[in-house]
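By written order: A, B and C. Residues from 1 in each chain.
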Amino acid sequence: MTVAVSAGAGREAPAAPRHRSLRSRKKREAALAYLFILPALLIFSVFVFYPFLRNFKLALYENPPYPNLPSHYVGLHQAATVLSSSAFLQSLLSTILFVLMVVPTGLFLGLALAVAAHRKLQGIAIYRVIFSSTVVSSVAVAALVFGTLMNPVVGLLPWLGINPTPSILQNPTWALPAVALMTVWQFLGLSFIIMSAGLQSVPDDLLEAARIDGASAWTRFWRITVPMLSPTLFFGVVVGTIYAFQSFGQIDILIGPSNAAGVHANVLIYYIYESLQIDNNAGQAAVLSIVLFVITLSLTLVQMRYLERRVTYAR
Amino acid sequence: MAEVTFDAVTKRYGDVTAVDRLEMAIPDGELLVLLGPSGCGKTTALRMVAGLEELSEGDITIGNRVVNDVDPKERDVAMVFQSYALYPHLTVAKNVEFPLRQRGMDKAEREKRVLEVARTLGLDDLLDRKPAQLSGGQRQRVALARAIVRDPQVFLMDEPLSNLDATLRVQTRADIVALQHRLGTTTIYVTHDQVEAMTMGNRIAVMDRGVLQQVAPPQDLYDRPANTFVAAFLGSPGMNLLDGELDGTSVRVAGGSIELAEAVPGRDVGASPVTVGVRPEHLRLDAAGTVAATVRLVEMLGAETHVICRLEDGAQLVVRQEAVVERPALGANVRVAVESQSVHVFGADGTRLEGSTR
Amino acid sequence: MHADATALAPTSRHSAATEAASRRDRRHRRIRKVISYLLLSVGAVVILFPIYIAIVNSLLAPSQIAHQPPPFFPTHPMWSTYPTAWNEGHLGLYLRNSAIMTAIIVVGQVVTAILAAYAFAFLSFPFRKTLFIVFLSTLMIPFEVTLITNLDTVTRLGWYNTFQGLTVPFLATGFGTFLLRQSFLQIPKDLSEAATLDGYGHWRFMTRVAVPLARPAVAAVAVFSFLASWNNYLWPLVVTGDNNNVRTVQIGLKLLANTEVQNINVTLAGTIIAIVPLVILLLVFQKQLVRGLTAGAVK
């Protein structure tokens, strides 16, 4: 067990000065890691974290009614005023109504389509492409197409005898449901894709076993598929809710800033936009942004808990 | 080509010592097998040579150069992983060529080397396939090819055969030995399989719980195990180990005594507690035997039969006999004869008492 | 299956009865199949109906648009609406702008996400866990919440009405980083160790092994990011103002609708033109699209 280090003039002598200590190797690795993370972190700092945090400051300052005058500190007074205003409550109510109209309908129809397409038939691939197709339709496209369908002058609605006054999109009763209908259509593709993926994860042998046990298609669906699908349904609810919360373009195109509040279609995100762009009221917009964040945060936290479970499975 | 030495090499993970002051020199061109149960530190030792684990203490040298702080890529070692670690998105040819691309070798030369190595290992027809299209044995050969294509100073192999089926393992075992012999590259081969170790190694290093137990050529290890761990680990079934009391040239055990060919130096006066070891093939059922036992189980393996007996204190004794010899009945009281030339005596701490055999 | 098997064995005593039963079974199955197709087709028609009506109306002469009963087929298609929309709506320019913006964002997001995900998956460094949580936390802050200050920042940087303004705020993605990290973690550790011994540094291991192996995830991130940025409406609306040279097609469509109120046919022609690139995307990248969109839903 002698160690032959001593015999110096060895074959590898020139390599000796190239020693790099482990510590420096670790340092190099950490430096590389920071270098890799830096670009994303920089973007996040400037365009996510800073503006997010600045809301809390802006919310404390009131903007003067005319631009270019200095805003002044009012503390929580502004927040209290905004949050207790009828405009805000109307906006919140519209948002909730909108979500309730879009999400259950969108998910149910998506599930129905997914179940219909979940069998081996010739040409089923074509149906699948069609069912998922609305996922690529942009909000502007969807809004213009549905704007046509709901246009009081274009022949379709008068022909069907649906012609309220004021016309659908100018009508406080119908404007929000009309926008919701369009949003359901646009959401259907995503909903179908999510539900299909969920259905594929329901093991066939479970369904086959139930079939051998004599369960009808109806029983199999409600007793096996739906329970097995519950994580997917849950995911769909979260995604759909966030989707509905972010509906902006359809209101901007179908209804527009001058009308949104009047026809009760002034959902939260649109209210933020109006406060900022039309009223030049950054303070009010900041308060509303914080409300939007709190709502999204609670939704995301619920989702995270679900995600966490999933991630522990994966690793 | 290079000698590899371990000098007081220690590896700790927090409170756990994975490798404890390992001292060993592997001369140039040797195939050394690191053998031991899982968790004994053999793979950690191998990975320290590769540079994939840092040393907590000590030095590792490759060809007279201390490599403790040398980047893995500058150590000039090649490793064959248990999982083969083939790149799934690259063809066999690209996989084998992969290590050469970092060495500033021109394309023509690289292709020539790849082809040569592929021919050596019978992979020439598979060069355009992806790993997923290969059988286990073929993948194993690609992994070998990727190691030898670089012509490194040292090969490191981490249980390279454990994912193969039994027949293929026997064949590949011989192939690797032949290849290593031809290339003459120093090789450290890690396995938990004693048959692999016995058939492949020039020498075997047995490890247990981070501590090197013994380094020796296979037959020496079998004939003169340094301690009870090595004695029990090698051989199938392993050596019978009985507690007893040494007195002169005989050891008293439960149910009789075992005679030694000669006295153990330094232990020839007075009685002392020892562990006595006898391999199953050195025992025989014989009415004139010196140890009384009861037959518990008879295992027939075709060419041979294992008779598993129990002594009166409950200790187990396995007797290996030819299949043609008459089988005893279960529960029969028998006597066991011991070849006194082949008795190993270990002290109370488990280490071999020198001079106890031959 | 059972029915077919018995039908093949007509020599049995009950052959007549079983044959009748099997015929009935086969008829049932055919009826069920027809019902399936019927349901599927109803779904397809409902989904495609709005687009179909849009196409029909895009080809109508202005006088026909308000016609009763409404035309469900363009008997005298007026193709000129399409060149009109293209020219008057500057759609060529807007499509180009959308393409430029989207390309920058997709490439930027993929690159920054690969780099960060690689660091989180393969490198060890102080505060790795904390920083990863920081990345994940961006998922909880909707873009709209940052709108006020981002508009401010972009204006102050002189990026109002520029591609920088359109794209830079989106050049990183928490979701994409998360997705790619998960995918990188699936790569066996042996592969990176083998590459280390073969002399490959991190950069080369990333470009030659990790990224090629994570290609499905990279594609999913790219498609997801394409869809999000191509269809983005709010940010381009507030940040492009009156500059035609950076206005994206989404905002262009809105303007087309506003300026040509009477000419619904032209507006819809523009809309159909704007759909085309995305339909192509859907047909070509359907698999990646589905994977990207369901990445959070199913393992």
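Operating definition for what follows: contacts are C-beta pairs under 8 Å (C-beta built on N, C-alpha and C of every residue); 3 or more make two chains touch, one makes a residue touch a chain.
Everything numeric here is computed off the predicted structure, so don't read it as measured data.
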Furthest chain, CA centroid comparison against chain C: B
Pair of chains joined by the greatest number of C-beta pairs in contact: A-C
Geometric centre distance via CA averages, chain C-chain B, whole Å: 57
Rounded Å distance between chain A and chain C, as computed from the means of their C-alpha atoms: 14
Cα-centroid distance, chain A relative to chain B, in whole angstrom: 58
Contact set on chain B toward chain C in their complex: 50-52, 72-73, 77-79, 81-85, 87-89, 98-99, 102-103, 146, 150
Contacting residues of chain C [partner chain B, same complex]: 188, 190-191, 193-200, 204, 209, 212-213, 215
Residues of chain C defined as touching chain A within the complex: 33, 36-37, 39-40, 43-44, 47-48, 50-51, 53-54, 57, 65-71, 111-113, 115-116, 118-120, 123-126, 128, 131, 134-135, 138-142, 144-151, 153, 168-174, 177, 182, 185, 202, 227, 230-231, 233-234, 237-238, 249-251, 253-254, 257, 264, 267-268, 271, 274-275, 278-279, 281-283, 286, 289-290, 293-294, 296-299
Residues of chain A defined as touching chain C within the complex: 26, 29-30, 32-34, 36-37, 39-44, 46-52, 54-55, 58, 112-113, 116-117, 119, 121, 124, 127, 129-141, 144-149, 151, 153-156, 158-159, 185, 188, 190, 193-194, 196-198, 200-201, 231-232, 235-236, 239, 242, 245-246, 248-249, 252-253, 269, 272-273, 276-277, 282, 285-286, 289-290, 292-293, 296-297, 300-301, 307, 310-311, 313-315
